[in-house]
Amino acid sequence: MKLTVKEIAEKIHARVAGNSFTVITGVSSFDNADASDITFAGDASFLSRLNQTRAGAVIVPDDGMYEKNSHPCLLMTANPRRAFFELVAHFHPAPASKPGISPLAVIGKNCVLGKGVTIAPHVVIEDEVVIKDHVQIMPHVFIGKGCVIKEHTTIKPNVTVMDGTCLGKHGIIHSGSVIGSDGYGFVQDGESHFKLSHTGHVIIGDHVEIGACNTIDRGTLGVTRIGNGVKTDNQVHIAHNVSIGDHTLVVAQVGIAGSTRIGKQTIIAGKAGISGHLTIGNHVIVGPYAGVSSSVPDNQIVSGIPHMPHKTWLKVVNILGRLPGMRKTLMAFEKRLDALERIIQKPELP
Amino acid sequence: MKLTVKEIAEKIHARVAGNSFTVITGVSSFDNADASDITFAGDASFLSRLNQTRAGAVIVPDDGMYEKNSHPCLLMTANPRRAFFELVAHFHPAPASKPGISPLAVIGKNCVLGKGVTIAPHVVIEDEVVIKDHVQIMPHVFIGKGCVIKEHTTIKPNVTVMDGTCLGKHGIIHSGSVIGSDGYGFVQDGESHFKLSHTGHVIIGDHVEIGACNTIDRGTLGVTRIGNGVKTDNQVHIAHNVSIGDHTLVVAQVGIAGSTRIGKQTIIAGKAGISGHLTIGNHVIVGPYAGVSSSVPDNQIVSGIPHMPHKTWLKVVNILGRLPGMRKTLMAFEKRLDALERIIQKPELP
Amino acid sequence: MKLTVKEIAEKIHARVAGNSFTVITGVSSFDNADASDITFAGDASFLSRLNQTRAGAVIVPDDGMYEKNSHPCLLMTANPRRAFFELVAHFHPAPASKPGISPLAVIGKNCVLGKGVTIAPHVVIEDEVVIKDHVQIMPHVFIGKGCVIKEHTTIKPNVTVMDGTCLGKHGIIHSGSVIGSDGYGFVQDGESHFKLSHTGHVIIGDHVEIGACNTIDRGTLGVTRIGNGVKTDNQVHIAHNVSIGDHTLVVAQVGIAGSTRIGKQTIIAGKAGISGHLTIGNHVIVGPYAGVSSSVPDNQIVSGIPHMPHKTWLKVVNILGRLPGMRKTLMAFEKRLDALERIIQKPELP
């Protein structure tokens, strides 16, 4: 595959400074690129050394601070990182799946399959499932009764989708994930725990990507809902009746307990835990390892166990390692106070 | 499906205040119920507004505090939540699995299968496995050599049960879980790590529910044991030779390291970690995110990293965010002490 | 199976003190052993009570401190634990898998299969995969296009290995693990998140053991690399472009964020989290539950959230529970200072 710099510039809506006829045959990182590669310089750490890459062309920010003539061929655009990864997708297109239903798949009664659907060997689909156009289901996937999988969604190998789940359009569910399992709901009954029937289900919006080995439980009575454009990393746990707003990011190993509502465009960083029945607002950032034990309003940044404003946490963190010193100081003050009190009280004695 | 309030009252052992002939056709939550639904009011937040639900009947506690005549049809019983979920199970019965052995399942030599067993397509069962009556094994489950699965247990899709595991009666193993994998046992050998043979196995009691994507390792030499009535949430890790007492609850993303013993009726809250070779007593509560690094006697409530009595942790938590202020105060005291000492020592100078 | 103590001594390179002709037929733990068993005493807690085991023979350290004649048959060797587990493997040999390709496996085009390969039922292998001699692939495993699995490696049931992954020799991948899934890489695009194409892959060295339900993401552009002899416990998450040095141990539920480099012979204890783009040195120990937010040089021991030198953390931990007391002391000092200042300033008034 070959593109001239001019062709690339049109593709990514960039202006060219340099030779538009340079031929590019691949993409690479800044330091590994060859003369036939294009790369990108997303920030000052790269822009300050444009003369050090061997890349034939470099994508730079429109408003980037860099020395003129530091590289013979620059493409200027608003979002170099995004533009670069459009080219990665162009030079390394995902292998086209061959649509078709494997004779080794098991498909239940009254299922509706759209056009261009791929169902791999050893897939099991139960009754009354609706699979829309261009859905791709890879090996060893289980899809329970009455599920709906909307257009252009891909389910990777070894995924479990329990009955009644609805997956939106253009989604990706990575391997090992379990969607629609029963929530953790019991009621104490003497010394044992009586299982609550879980009659709810999971609804996932469009353009959602669920990482590997996620667990997303169905609602106890109602719905567990994942909004449009949500992206979860690996090993995320989302309990029954949770609701996550559009375009929120949930990083690896996060756990969200039952019935908690999370707003839009929020970020929950890696390993954070959020207790049940809380409301986390829109545009919130929850820091890594945070333990969130009460609701968080819109636009807050919180960190720590238990969570507190991020600025406070930064100060606390700074002090934690100094606690032994503070304790010593405190004990020294005790002595100094004792001494002062003795001196001052002495004159009063006589 | 239809039941009169009278029929429901008999079913859940409740007394009726109101019209026993009201016909109920479904279950719903307090705020979403219609006139044909039954709902429940488990605590004061609902009992105080019984006049606000449109439900045809409401289950309330025997000893509940609520205004007389605030709802035209009440059912009084000891445990309204439990009673309500019995009705949920009645109105939404789990779809009956069709017993039978799929011709697409692979079953080894010398296996013993009971009555009413369901083995789905693409299940693989190795040699010498015993499967008792009414066990249900869903697609893509692997069951290793010599396992025993007792009566009425259900194994959901994509579960792995390694050789020698024994699962009790009336259990549920949710999707993605791995039971009986090798423990993490190595012995240092120069700069590398020599793998210990894991010849132990896993024994799980009756009425146990294991959440999705759990990992429960076999014993190195002996047994990893999960007691009767234990319920684990999703993504729980239980290492080799751990023992968990009857009716203990283990919430999502908890990790329990090797050879630790946990008592009966204990609760380990979400994301807590418990170090190896400890003894955690009966009726203990370990708080969320806690890091338990030493043994905990019966009836204790502990929280924090590292764990401490929960009451102390509540105080510590309250102070953490004030540490920057405390540090400032401490530094201010230094100055005040210096000043006092200067003043007091001055008179002595002349 | 029977061995005399003399035969055992030759096998594990031990010296015998006692009757070399004792016949041993099994292995057991110190407290459960019978006269026909061999056991081991690895440290003082066992060496001090050698007379309490019923074992026919006990393996003890070369340089062990114990009373002479405290047991009638001792075998002295440098590493008793390792020697003992060699005997465990001898007395309980792993069941030999029967090499062969199941007719129920699906194998793509242009695959190369070595000698003595076992491919179980319901395995799916895509095109252009190379499987070397004596590899064993258990049921429900998926292996993507172009993977290479080297000699003597075993892949347990329900594992997913995505396209382009390379697994080294003599490895074990436990059930539920996902290797080579896309990393968590997006670029902000207005209010939504644009997915980066992940064209990198995963390379795993020789003698590596990956626990159950691990997730190891492919590189975004380059490689995620796991060194030789690395052992991971269950539920470990390793993000895109991470590199882990030889013989490093990663304990359960650890998360390592993108592009972080970890050195050789390092230990990351359970539930620790390591932020992205860091460098963790060789021979480092990261304590359990630690949150590592900056790089750590060689040979350091760190603990805490955020991490600090382990010795400091031990002091901090010791103080945390005393913070309420410290705060009270501080408030008492305030009063004492106020009082002192009033007294001292009074004389100046007149």
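The chains carry the letters A, B and C, assigned in the order they are written, with residues numbered from 1 in each.
Please note the rule applied: a residue touches a chain if its C-beta (ideal position, glycine included) is under 8 Å from a C-beta of that chain, and two chains touch if they have at least 3 such contacts.
Since we're looking at a predicted model, the values are computed, not measured.
Residues touching across the chain B and chain C pair largely diverge in numbering: under half of the numbers involved belong to both copies. A turn of 120° superposes the CA atoms of chain A on those of chain C, with the angle given to the nearest 5. For the pair chain A and chain B, the distance between mean C-alpha positions equals 26 Å.
Look at where the CA atoms of chain B average out and do the same for chain C: the two points lie 26 Å apart.
Across the assembly, chain B contributes 122, 140, 158, 176, 213, 235, 253, 305, 320, 323, 326, 330, 333, 337, 340, 344 as residues in contact with two or more other chains. By the touch rule above, chain C contacts chain A in their complex via residues 106, 122, 124, 140, 142, 145, 158-160, 162, 176-178, 181-182, 184, 186-187, 189, 191-197, 199, 213, 215, 217, 221-222, 235, 237, 239, 253, 255, 257, 273, 275, 291, 293, 304-306, 308, 312, 315-316, 319-320, 322-323, 326, 329-330, 333, 336-337, 340, 343-344. For chain B in complex with chain A, the touching residues are 27-29, 32, 79, 81-82, 85, 88-89, 92, 94-95, 104, 120-122, 138-140, 156-158, 172, 174-176, 207, 209, 211-213, 229, 231, 233-235, 246-247, 249, 251-253, 265, 270-271, 288-289, 305, 317, 320-321, 323-324, 326-327, 330, 333-334, 337, 340-341, 344.
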